[in-house]
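When the chains are written out, they are named A, B, C and D in that same order, and each has its own residue count from 1.
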Amino acid sequence: MTEKIYSSASEALEGLTFDGMSVMAGGFGLCGIPENLISALRDSGVQNITAISNNAGVDGFGLGLLLETRQIKKMISSYVGENKEFERQYLAGELELEFNPQGTMAERIRAGGAGIPGFYTKTGVGTVIAEGKPVREFNDETYIMETGLTCDVALIKAWRGDTQGNLQFKDTARNFNPIMATAGKVTIVEVDELVEVGTFDPNFIHTPGIYVQRLVQAKCEKRIEKVTTRGPRPVEGDA
Amino acid sequence: MTEKIYSSASEALEGLTFDGMSVMAGGFGLCGIPENLISALRDSGVQNITAISNNAGVDGFGLGLLLETRQIKKMISSYVGENKEFERQYLAGELELEFNPQGTMAERIRAGGAGIPGFYTKTGVGTVIAEGKPVREFNDETYIMETGLTCDVALIKAWRGDTQGNLQFKDTARNFNPIMATAGKVTIVEVDELVEVGTFDPNFIHTPGIYVQRLVQAKCEKRIEKVTTRGPRPVEGDA
Amino acid sequence: MAWTRDEMARRAAQELKDGFYVNLGIGIPTLVANYIPDGVDVTLQSENGMLGMGPFPFDGEENPDLINAGKQTITALRRSSYFNSADSFAMIRGGHIDLSILGAMEISENGDIANWMIPGKMVKGMGGAMDLVAGVKRCIVTMDHTNRAGASKFLKSCTLPLTGQNCIAMVITDLGVFAREGNEGFRVKELAPDVTLDEVRAKTEAELTT
Amino acid sequence: MAWTRDEMARRAAQELKDGFYVNLGIGIPTLVANYIPDGVDVTLQSENGMLGMGPFPFDGEENPDLINAGKQTITALRRSSYFNSADSFAMIRGGHIDLSILGAMEISENGDIANWMIPGKMVKGMGGAMDLVAGVKRCIVTMDHTNRAGASKFLKSCTLPLTGQNCIAMVITDLGVFAREGNEGFRVKELAPDVTLDEVRAKTEAELTT
């Protein structure tokens, strides 16, 4: 059996990086991002990356690391609000930026992985997003065509993975990860827990191993962007 | 909270049937078909159904029941090989039939549920399936456009469901069921087991309750179409 | 007396019906969750991949793997389910969400909404807003009736780049409630206490019927 | 001496590589699973929604919820996973399956395949065949070289309605192995024992190179 398990994030990236490559990185905000693979990608020194990710990390964390080192040439995202260095590079014209509505972006990635080169959506009709895109009427309503999106390497964060590459995701850290796993020419996954094959109930595998070429177990910091609470837990016995 | 639980399959269908209605029925072969809901639909006496289902059941079981009573006007399927009554009605011109490649059919249903009115696929290019369909080139390859598919009522078979309508499916009985659940104006589900809300790990719910309007617990016969075995289990101790 | 933010949220909450699946935007819409009427059971969707959003966690019980679309830590409920981003927007785009309540910079009399960019300023992106207004069955906007300079935000046509066309069914401002059916214009449905129709008309560029 | 069905399956199994994900059609392709070479680990996909198909169950251990695409009862393996039909064909259409081995009624010299209908006969449908030949990375056909009447099934162009265009990379018949690269024609790669090139040419309408 071809071995999918790698011993470190940088080893998992070996031989796959090249100037001008396209990279998808899972995550929503800082939740469910492949922290270790992003760091390893920075350390690889690869240049002119097209990064496809819902957000751009924050200063000094997540994709912010690759912005600091100017390794990213272009970003395809839906929202980039939390990153000063991003803003600086963008306003200085050093960084290309393509905004996609979040649902359009998710569907483009899913379509890319599913062999669907184009689909129609109502999202963005009558807005700047529709400019230059083919249009078609269905049942007297106007829709625009969006295209499938794939990438050279997809960087994925999962909760647990088995030695066959079957994956499970945790809570809302799932987000873009399972669909990006289908859209990479090569898909590399970092997991909190690496388990033996047979550990998972086959009914509850989110990503079948067919989509995973390389897998590494790695510890994540899991930084929280906006800690929000409702106060202290009431002491037992209180009303 | 609006009550989703019904006490019988026929009660669950009440008020939803009308002449000329379109119905999706989950299942692949006889595996994962909504047996009780199909029987209840037959008993409702509704006529001129357009039935969307991968197969057409067998004589006397599954959708075969509705063919016997001539309640189906048109079928949209990918394969209908196992049903004599179907063949008779079709050859006599009593039944309309639209073949879809299985993957195109699955994707059309998924698209219908996801608000996507059309998408492009390579499946069927250069075949009779492509006739009359819009064509588009992507990266110098030809693709045909297929449309999203929805229905008036989707009949679904799930393994377990909770009182909020969250569903889990079992093994390959999953098949078309989860996607059809998203494509019904009204979706009715029969489950082997009805459980309290909170029973499922929220990470492992196949169909969120938002897609389920009515739910009924019902006993299934689960007929097997082609029992295939490799012989008796070796007695323990044998080599 | 014009409504406060909380009063606007309370009024918006009256639009929730039992059994609804609802997506709430950031700002006033978030406050709506505090005013869900008794006996009305509502399931909140978060477009980053969750149905059945619970309240914020207690101090020290934050789960980094569990956030809402505003990136705040939240909790789950017994009914909750998680799904990926494509499935989440399939739910939104496919019209399965009953109601979305969101904020706006401008609304036009034909139901257009602008709430994602101001030309000349740093653009942060539309996130899921364009998908929500295009996909959800019914969209309600809560916003101040005028901007800080006193100019109407309720216009004949939006001056800012649109988020969506002909998609807003109701606008709840500090001055009142304005509703439209199908492709019609907005009708004055309610006024905040002591707010007069004249005041509303003076502060509204859009054509309003009564 | 022409190959038997099992010999054809054994030869087809030589095309399996370690780590491959493979979809096997009905008939001779099903037999391929019996001849997977030692040291080659292959995961079988079943398009009704399973990866990691196991063998048939023991007598009395059939699970009605667990069948393959031919509707036969099967079993699961430790590596197995289940998914819905849309996800299954996303896997196929997206080019994630390395190899499909399937039967055919006719193959043409430009790689077209016809295997789903005979005009005038009751048509049962194409099932997943059109999706497989259009989506899988590499498609291999196993079939008898001629029909019962002795006429070639390996043609200049198919006479039956097509399942797919320019999608077959290799044909394994009882007489030999025929392969093509990209858009080229088929080349004779191997002959069954004692089968001569002359015999093959006599039984083949398609242009073959050697």
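Observations, loosely collected:
Criterion: a residue touches a chain if its C-beta (ideal position, glycine included) is under 8 Å from a C-beta of that chain, and two chains touch if they have at least 3 such contacts.
In this text the structure is predicted, and so the values were computed from the model without any measurement.
When the interfaces A-D and B-D are ranked by C-beta pairs in contact, the top one is B-D. Centre-to-centre, using mean CA coordinates, chain A is 32 Å away from chain B. Averaged C-alpha coordinates put the centre of chain A at 36 Å from the centre of chain D. In this assembly, the C-alpha centroid of chain C lies 54 Å from the C-alpha centroid of chain D. Centres computed as Cα averages put chain B at a distance of 27 Å from chain D. Looking at chain C, one finds that residues 76, 82-83, 89-90, 92-93, 135 touch two or more other chains. Along chain A, residues 107, 110, 114-116, 121-122, 169-171, 174, 202-203 each make contact with two or more other chains. Chain pairs that touch one another: A-B, A-C, A-D, B-C, B-D. By the touch rule above, chain B contacts chain C in their complex via residues 1-2, 110, 112-116, 162, 164, 166, 182, 197-198, 200, 202-203, 205, 208-211.
Remark: chain B residues 107, 111, 114-122, 136, 138-139, 141, 143, 147, 168-171, 174, 202-204 touch chain A in the complex. Listed in rising order, the residues of chain C touching chain A in the complex are 46-50, 55-74, 76, 82-86, 88-90, 92-93, 112, 122-131, 134-135, 161-166. Against chain B, in their complex, chain C makes its touches with residues 18-19, 21, 41, 43, 45, 51-52, 76, 78-83, 89-97, 135.
Of all residues in chain A, those touching chain C in their complex are 28-32, 54, 77-82, 87, 90-91, 99, 101-107, 109-110, 121-129, 159, 169-179, 206, 222-233.
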